[in-house]
Amino acid sequence: MTTALFECRNLTKFFPIKNLFRETGRVHAVEDVNLTIPEGGTVGLVGESGCGKTTLARTILLLIEPTSGQVIFRGEDMASRSKRDLRQFRRETAIVFQDPYSSLDPRMLIADVVGEPLVIHKVAFGEDRDDVVLSLLERVGLKADHMYRYPHEFSGGQRQRLAIARALAADPKFILLDEATSALDVSVQAKILNMLNGLKADLRLTYMFISHDLNVVRHLSDHIGVMYLGRMVEYGTREQVFDTPTHPYTRGLLAAAPSLDPNDRDRPREVVLQGEVPSAVEPPSGCRFHPRCPNRKPECDRVRPELVDIGDGHLVACLPG
Amino acid sequence: MRLSTYILRRVAMLIPVLLGVLVIIFVIAYVIPADPARAWAGPRARAEQVQVLEERYHLNDPIYTQIWIYLKNVVLHFDLGVSPTTGRPVRDDLKAFFPATFELAMCAFFLAIALGIPLGVVSALRRNRPTDHFSRVIALTGVSTPLFWSALLLQFLFYYKLGWLPAMGRSTIDITRYTGFVLIDSVLNWNWTAFGDAAIHMILPAATLAFYSMGYLVRITRGSMLEVLEAEYVITAKAKGLPRKIVIYRHALKNAIIPPLTVLGVEFGWLLGGTVLLETIFAWPGMGRYAAGSIVMVDLPAVVGYTLVVAMIMLLSNLVVDILYSVIDPRIRVGGKRR
Amino acid sequence: MRIPGSMLFSSRYRLLQKRLHPITKEWGLTFYVLRHSTLAVVGGLIALAFIFIALFGAMLAPYNPISANIQDRFQPPSASHPLGTDTMGRDVMSRMLAGAQHSIKAGLIVLAIAVPLGVLLGGIAGLFGGWIDEVIMRVTDMFLAFPSLVLAMAFSAALGPSLFNAMIALSIVWWPMYARLVRGQALAVRETSYVEAARSRGASNWHIMFKHILPNCLSPILVTLTLDMGWVITAAASLSFLGFGAQPPIPEWGRMVSDGRIYMLRAWWMSVFPGLGIVLVVLGFNLLGDGIRDSLDPKLRRLTEVTWKPEKTSSSSTD
Amino acid sequence: METREDLLVVDRLKTQFFTYGGVVEALDEVSFEIRLGEIFGLVGESGCGKSVTATSILGLVAKPGKIVSGRVLLDGENLVEKSEQEMNRVRGSRIAMIFQDPTSSLNPLFRIGYQVAEPYIYHQRRPKRQALKDATEILAKTGLPDAVEKSRNYPHELSGGMRQRAMIAMSLTCEPDLLIADEPTTNLDVTIGRQILDLVKDLQREFGASVLWITHDMAVVAQMCDRVGVMYAGTIVEKTDVRTLFRNAKHPYTERLLRAIPSAVKSADKLEEIPGSVPQLIHPPTGCRFHPRCDHVMEICSRVKPVELEVEPGHMVACHLFGGEKEAT
């Protein structure tokens, strides 16, 4: 088996809600998450807004400080490191965001945008840097004459290519794709997804892919985690999660996603999720999903289910019964 | 958050700012000039006289002691000290001059709002048509014309050339003073001649002041209205088939009024600043003229007292605006803190 | 993967040219939009004329602006004195020509002090946030709690009335506006994903300040600066009018209005023309500022870009 | 297929935007018809003119834009020729619209209940008190929990899903004949979006309204619509019933687009790509607007705009692959 590049142990992030004088509450954004990202793999993270997937992503990259827990990168705990000690970590990790419009500084030339990590890490300057930028642009399917332009001259898809080129500068090992294709049209998305797959193979990258679009996650990832209200409820390989979904939430989520087959419309859906995601400030007790769960048991509002291996590393947090 | 909690919090936040304001005034007033006591005592004063003054005003103490003494007097006795030039308590002087200034500023303020906001709205609705051009020219001229010059010009025109309006002063008829506000007092006296007289005296200074600050309101209102007219909720309102009047005056206007509303506090501050110039020109017996005179005389207690009062009015007007804002916009109360 | 630099660009010069090209193109577009707004052009011309007069006005003046000439007192506008003469027989036009420099000096000095101070403090407040932000913003609140004219009056009275002191006084009350502007912009920029991307790669606060926040503040500052030029000139004139700024015999315009005040009936031109001068100049800067604001408006730029063909634009096919 | 009466006929609609940069040809002779009681889907990528079609139908095209030619017939009446006042009686009453983003489409300063009640007040002249009461009823119908209480809330106090329910309630107040839904689930989460889809379908059956469903999501089309029009760069390239579209798409664009979607059924490593990118509509490609990106491009494609051909009953395709030149010219 491959080794783990990233490991999160009991990672927790609470955001305090303060008024002028004291803390009045906490947003339970991420709670007690354990996750392993194998080197060379792609871990997908799905869940609806407010499930904590974006917070988890930022905590893994230590863009926000975890409340507790460990972020282990190549066997070393990074969460306890000082800012200066994180330089190498920062060099080897990168992030690509959803919105192609706010992710590029409108006042910077493309050469400066894409070359920024090189300058931050003092890898290359001046003409050398421009050479690297040029090769990066070619990697993502752009041309040399795009180098001296401003971001507003590019379309959404091209901007996303630029964001990927910037992520690739300074040779990272790990790229976090935060809804990286969600703002794009289908035909553009297809190109970007194909490119991401190609880059991964060529440069031996490790991805973490966050999306609400189940089909896209399925297309790209080999392992998938499903989150609900700050907790991981199911984790397994693509086949385990998509073919034999076990947690009621996963099943409901999969059933809720419209299928491309018009004949499915007449079939009754297996699980229909009612209601909305509760507030993360005062999350439900016990299993966080119990108020919406179609097959809840009496003890669900008291007992917190742990992630349990139900075979071949397929983890599910649901009380047996 | 409830509205009352919100207001209490805003008031609590005023106190440190007010303290800071006081410190700033003190630093300006008491540190920089070389020898205020000598200036007050006059050029031929003997050294002992200067010394007496220095002691009376604690000029030889360190600045924090001075601030402390001043603060104690203000808070405990509402005492702003005694003006060395007039020999009267600053509090009494300000009390005598405040109504005139406030009356003028308020008249100008409401005039500016009453003209500026509708003009801005109409300008936006008739974008790039003659009405729009007209109101934009008015606005631009307003903000570009120095107050002192337009005041002089209007005075020259309406008094000297046409003789329609009085050039100076606040009123010529004596009436019993209850509030100090001539317009109100004349009504309370049931004296309409006095009211007319006061109103006529008010026209020129108030109009000058209003014209100056109106321009800004026109611009902000116009810009905000243009933006709101393209907002999606306005399109929704149109798609609902609501009459045009309802779409514009209910859905659009209520939203468009927010940005001009938020600058009203600042606007009022400008008006107060402007009164210094206007009161000098129109011989208006208000605080502004008093302050200008005191500054020339290096009358520090008077200057500090005046500035403190003005700063307080500004902070209060900003507070009122914030409260109004939170009444109109329910979203403001959520976070408690905007920006 | 790497291609040696020498193969790509034959010389450093070509590299520089390539890098500068898009920048000049951006400014070219700005200028193009600006040029197509009649009002902005008028404003720009007034501003230019004013700067020209400020630089060379003293040389152009037909009469000595300072020395008295008693036999020519209170001359109405005529061929020899187009704007009349004042109480000491000095030519009003000459005094105005010679006095322009004081107004522009006031504007430049005030903004030269207030802008860097405001930008620095606002940038620090916005970038670091937390208690630093809290302290800086409370201090700006305190300064903004005074009507600026009153505060400037107090300052210049404390420092002693002179034009230079009036400028110092105005700078002290002017910086909070810029601090607010830059802080607001910094807060907005700090939230963007390009800053987060930079942070994720280990960028320092200073990198973010100088590479992201300040460049993004440039256009709003430019607009405010132009508009403020007019405001500062008015404020300086107001101070002089009240006797806190320029002292006689300096021919500052606000002072000239003040000097002519008591002679309005006898010689209206003494006050009217200097005042008109101020109006014109402030109007000019206002028009120019509005024009610059419009020309930096992304909506208008996009619309105009299509008609603007500075050179052949190569189209790209990948997306 | 049984013949049903057409409720809305859009006939060679041409909407253009007159900007400084030139004329944006947003819609180029778009034609389709919506039958009584059906859900008609308009699908396409961003900028293809879906939303402009909706605003054109309602007569709400934003300023530099204008309907240049064509007709919009609602029960035989041409909406394009109607005056603003006449249109106001149609909008919200006979044709209602649900927008994509419920957050920015609800006025932040008014209570939900009042906003829903407005059509009652202004179209049906109900007294305000009655209208507000009726508004809570229709809100309850859309599945808003605690409708009475929620109707007194401001939009920012509700979740995205609840806001969209309020938008739907608002559109149903006057029992419109036609409901235009402009991507109403795009900004919502998967499970909430599905609830909204189910809701609209249920309400459509109950009210018997026709629906024009605008979306970019093929899966939503598959689950929601009876018939579909596929748009590309301001034109309708293919128009058929939904099952035919997914089984037997004919136009090269539709065909490729369907294969570009990462799908649950086929897990290919590589997705289909369409070369090139969507053209600018200021100077759109001549002839068939898709020809620069098409694999099957022929000489005629760049010269002549293809007309719609019925390749099988009820299946219209605008492509030269399926028809001779004689019909086109």
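For reference, chains read A, B, C and D in written order, and residue numbers begin at 1 within each chain.
In this section, contacts are C-beta pairs under 8 Å (C-beta built on N, C-alpha and C of every residue); 3 or more make two chains touch, one makes a residue touch a chain.
Given the structure is predicted, the values throughout are model-derived calculations rather than measurements.
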Labels of chains that are neighbours to chain C and to chain D: A, B
Centroid-based (C-alpha) most distant chain relative to chain A: B
Where chain B and chain D are represented by their mean Cα positions, the distance between them in whole Å: 53
Centre-of-Cα separation between chain C and chain A, whole angstrom: 47
For chain B paired with chain C, centre-to-centre distance based on mean C-alpha positions, whole Å: 26
Multi-partner residues of chain C (each touching 2 or more other chains): 318-319
Shared-contact residues (touching 2 or more other chains) in chain D: 277-278
Residues of chain A touching at least two other chains: 155, 157, 188, 191
Residues of chain A that touch chain D when the two form their complex: 48-49, 155, 157, 185-191, 193-194, 197, 212, 214-216, 218-220, 242, 252-253, 256-265, 272-274, 276-277
Sites on chain D touched by chain B in the complex: 58, 60, 62, 84, 87-93, 96-97, 99, 101, 104-110, 118-119, 122-123, 154, 156-157, 167, 170
Residue ranges of chain C in contact with chain A within the complex: 1-5, 8-9, 12, 15, 18-19, 21-23, 26, 192-194, 196-204, 207, 211-212, 215-216, 218, 298, 314, 316, 318-319
Of all residues in chain A, those that touch chain C in their complex: 61, 63, 86-87, 90-91, 93-99, 102-109, 111-113, 116-117, 120-121, 127-128, 130-132, 134-135, 141-150, 152, 155, 157-158, 161, 163, 166-167, 170, 188, 191
Interface residues, chain B side, partner chain D - complex: 230-233, 235-244, 246, 251, 254-255, 328-331, 334
